[in-house]
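Below are two complexes that have chain A in common, paired first with chain B and then with chain C.
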Partner chain A sequence: MIFLDPDKRVDLATAASHIGDGALLALGGGLSSRLPMALVRELVRQGRTGLHVVGSAHSMDVDLLVAAGALSICEESYVGFEQDLGLAPAYRRAAESGTITLRESCCVTILTQLRAAEMGLPFLPVRGIKGTDMRRLHPEYAETTCPFTGEVLVAVPPLIPDAALIHAPLGDLHGNLYLDKPYVLDERFAGASRAVIATVDRIVSTDELVEYGITIPAHYVQAVAEVPFGAHPASSYPNYAYDRDHMGVYVKAASKPESAAQYIEEWVMLPDGEDGYRAKLGEESLQRLTTWSESTETWKGLFA
Partner chain B sequence: MTMVTQLDIETDLTFTADEIMTIVASRELSDGDVVFVGIGIPSTAANLARLTHAPKVVLVYESGTIGTKPTRPPLSIGDGELAETADAVVSVPEIFAYWLQAGRIDIGFLGAAQLDRWGNLNTTVVGDYDNPTVRLPGAGGAPEIAFNARKTMVVLRQNPRAFVDHLDFITSVGHYEGHDSRSALGAAGGGPSIVITDIGVLRPEALTNELVLVSLHPGRTIDEAVSGTGWELRIADDLATTAPPTAAELATLRELSGS
Partner chain C sequence: MTYTFDEWFVVTLARTISDREVVFHGFGSPCAQVAMHVAKRTHAPDMLLIEGAMYAVNPNPPFIPPTGNDSSLKQGAAYSMKFEEFFDAAIRGDVDRMFLSGGQIDAYGNTNVTAVGPLEKPKVKLGGGGGGCNISATIGQLTLWTTRHRSGRTLVDKCDFITDIGHVTPAGNRAELGYTGGGPQWMVTELGVFDYDSEGRARLIEVFSDVDVDTVREATGFEFTTAADVKTVASPTCAELAIVRGIDPLGVRKSEFDPAELTRTYDHVHDPGCNC
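Moving on, here comes the complex of A and B:
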């Protein structure tokens, strides 16, 4: 859809209210960077259930949705905390006990499906999934023969998420978004999804945003909410680095159902929402994450 | 194990399993190689090569950084320093389309939870997919790396849980079912050219493409390699001993890792 309202600013609760139970969602960012954590926490606060996520490489956003019981189907090609913090605890537990349905694919296949959606094509071909067991998880994929070379390829259908949840460091009232590189799949999510629901650390004037550059133009965006540190504990460069300590706190808590529930009670279900979340983290620890660019030593210190 | 002791006395160099795996991997990389690396030993080894014998190796991370030169191994591919020190930062779609699918990656550098004798990899589940014993993170971009890079390198500790006769799940295709089955499948790149373990080095044999033990690290034995492998491991006729880490390699690696 194309969204042309001149002013798309809403509060976080309203932004999240565009997502219904059972929605097919693409989560922006990836791994430790620019995860739409404020929207994820708000969906948990609003008690959303049956969510279906699809995308590439994710960590705490997906794991927290699983821990909160908000997620039913996961098609992310990677869910984990890399070598550093290891496996995603709630995701792992749910997968091993069968409480969520998995139908994963690989990053390139998903990217190709998003491109087909953007182009309005019925399929596009991929190669890399041939011979893998992901192929059998997806009966909707088909074989196709190249009319020019005779090469047999795997045809994959368009993927149209109901919404892409994207966090950006800066945006304007129209919904134009500036992203710091790397963009991961966010531009493709924006083009393929029915709507982008955005949070930004800061809303600035269009003139100021243009100075930075517009990565995702406003016509993709249905709603934009200003939420400082809205990606926390993921990074939102250039504003702040990721909070490795807090990711560690989460991973430890999520390792058992009881402590996972306690984490959610303590860090998500706060009566004053994101204001309460930032207050609980404290000004000092949040400001520390913004010092990453002062020097290499400062940056390294954040991950010591 | 006597050999290690002697070696220690002669050179006063001891090393961990991770260190020798990293160093042996770094030696496989040359100036000008475009290397697709993931976090962990692949990333450390590629940076070690860059800081020692291959200053012009080009490191590509999945997040979109080309020619990155971090001062220490990143903990996450989202690390700000990867982008800050890169020659260019491109979108993930460009990484996959231009660099990977179109065949511009020389070496794909992969890890795994399980590997079979053909170098096929599993990073998805241990056990049955719908009822797994261990749910692993999943494929990420590995299948396309394995399919399209001109060759791939695999780093994995050698034990019967990892070196299995039959993969629980094929996440990324190596030499598939052996012989020419990989090219028959339509894979563009050449597949695994080396598997580096904590015990030694395996390479695919000509014609069959079955992984065979071609080198033992100093102090390690054939028995250890055989008992660490869940299939009947074959040993190359001209089995070599891996050159031990040099003082310079170890010093650079330890400085890089901050250890």
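Moving on, here comes the complex of A and C:
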């Protein structure tokens, strides 16, 4: 959809209020980079339930939604903490006990479905999938025969998220967003979704933003909230690296339902929301994450 | 000088890359990631190295971080692809090699990274396959690897779920499915190296110096043939070892191994192939 308001700035609670229970959400960023964590935490604070998420390779954003009982269907291509911190604890527990519906997908399939949505087409074909078990998770896929070659291909329907939750290092009041690569699927999410709900570490003037370059234009964006460290503990380069230590704290807590609940109580359900979250983390630990550019030794030291 | 098993393993993976190939690794794959940089700095200087999850082209990272999409991994790259640019190249057949692993791998090189046990109530929900499902069909060659062969649970007779395709699936072989990629060419495990025979089944061709063929058989859930002369995996050169240590000072590659495997240590012996 196209959004024409000249000033899209709202606070985080208002931004999150655009998302209803049961919404189909595209999660921006991936793995340890530019996860929309402030929006995820706010959705948990507001008690959202029944969410259906879709995207590529994700980690704590999905796992926290699962741990909080906010998620019903997971259509990400991967959820986990890579070799370093391992499988996603809450996601794994929910999948193994059947409390969430697994609709795991493939990056290429999701990309193709988003492109169908962007082009307003009823389907697009993919060459893969045949021979794998992916259709057991996706009875909605069909087959189509190429009218030119006769090749039989798997046909996938358009994917139209209700909203794409995207965190950007910089944005302006209109909702223009600058992203640092990798953009992952965020540009496609912006084109295919009904709305982009954005957080940015910092709102700057349009002139300054243009200097950096605009990755996602304002007309896709319904609301933008300024939330410093809004991707934490994921990275938001060039502003800050990911907080491996805090990811570790989360993964350890999430390994059991009781400690997962305690993490949420302690780190998410703070009366003053993100201000409280940053205060609890402390100025010093947050500033440390911004020192990555000082030297290779400093950068490497963040992950040692 | 001594070296450890993780270093030998990474070098063995690196040697599956040929010069002037376009090569990609997925996320959560530090051994393959380090291997690509070793190949680029030794025998494959003109490979196109696509850094997984960053899609950076020929980067020169100052170190390998513990996550696959930290910005350190695009340092020195003049260009980073967009996500869709990489996947388009992979599905139209412009990527020559990908590294692929799995919680389960069968004799034909089909891999499962989705779920162990019944899908409705998995025993273990694995992380998921990223983009592997589609691109395993079209990429030129696959180098499979696992660091968990010895567990007896990884190389299985039948995958509980096929996420990424090997040579032959219950729905047909690659030709019957219309796939243009060549499928698995090598499989490197912490016990040895397999290639694939004309029927698309894994065949043991090399073992590491502290492993015998019976150990490999006991750990493998499918029948396999062996080369007429099963050789010892070629040892790493000083130059390769120096590059492994230089590119991965944090030792991120070690996170893939059971701690017991990291105690495997070897004496470096100079041979004609070693130009140190």
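Couple of notes before you dig in:
The rule is simple: the second predicted complex is superposed on the first by the 304 of 304 C-alpha atoms of A that agree within 3 Å, B and C clash if a C-alpha of one lies under 4 Å from a C-alpha of the other, contacts with A are read in each partner's own complex, and residues count from 1 in each chain.
The rule is short, and it goes like this: contacts are C-beta pairs under 8 Å (C-beta built on N, C-alpha and C of every residue); 3 or more make two chains touch, one makes a residue touch a chain.
Values in this document were obtained by computation on a predicted structure and should not be read as measured data.
For the composite obtained by superposing both complexes on chain A, the positions of chain B and chain C are in clash. Once the two complexes are laid over each other on the shared chain, residue contacts for A:W299 go to chain B and to chain C alike. Shared-chain residue A:L24: touches no atom of chain B or chain C. In the superposed model, A:K181 makes contact with both chain B and chain C. In the superposed pair of complexes, A:M269 makes contact with neither chain B nor chain C. Once chain A of one complex is fitted onto chain A of the other, the partner contacts of A:I214 are absent, as it touches neither chain B nor chain C. The interface of chain A with chain B overlaps its interface with chain C at residues 30-33, 56-57, 76-80, 82-84, 87-88, 91-92, 95-96, 98, 102, 104, 106-108, 111, 127-134, 137, 151-152, 180-185, 187-188, 235, 237, 241-242, 244, 292, 296, 299-300, 303. Residues 30-33, 56-57, 76-80, 82-84, 87-88, 91-92, 95-98, 102, 104, 106-109, 111, 126-134, 136-137, 151-152, 180-185, 187-188, 235, 237-238, 241-242, 244, 292, 296, 299-300, 303-304 of chain A are the ones touching chain C in the complex. Those residues of chain C whose C-beta lies close enough to touch chain A in the complex are 27-30, 53-56, 62-63, 65-72, 74, 80, 82-84, 87, 90-91, 114-115, 119-138, 161-165, 169-172, 177-179, 249-250, 252, 255-256. Taken together, the chain B residues at the contact with chain A in this complex read 39-40, 62-65, 71-72, 75-81, 83, 89-93, 96, 100-101, 124-125, 129-144, 146-148, 169-173, 176, 185-188.
Remark: chain A residues 29-34, 56-57, 76-80, 82-84, 87-88, 91-92, 95-96, 98, 102, 104-108, 111, 115, 127-134, 137, 151-153, 180-185, 187-188, 234-235, 237, 241-242, 244, 292-293, 296, 299-300, 303 touch chain B in the complex.
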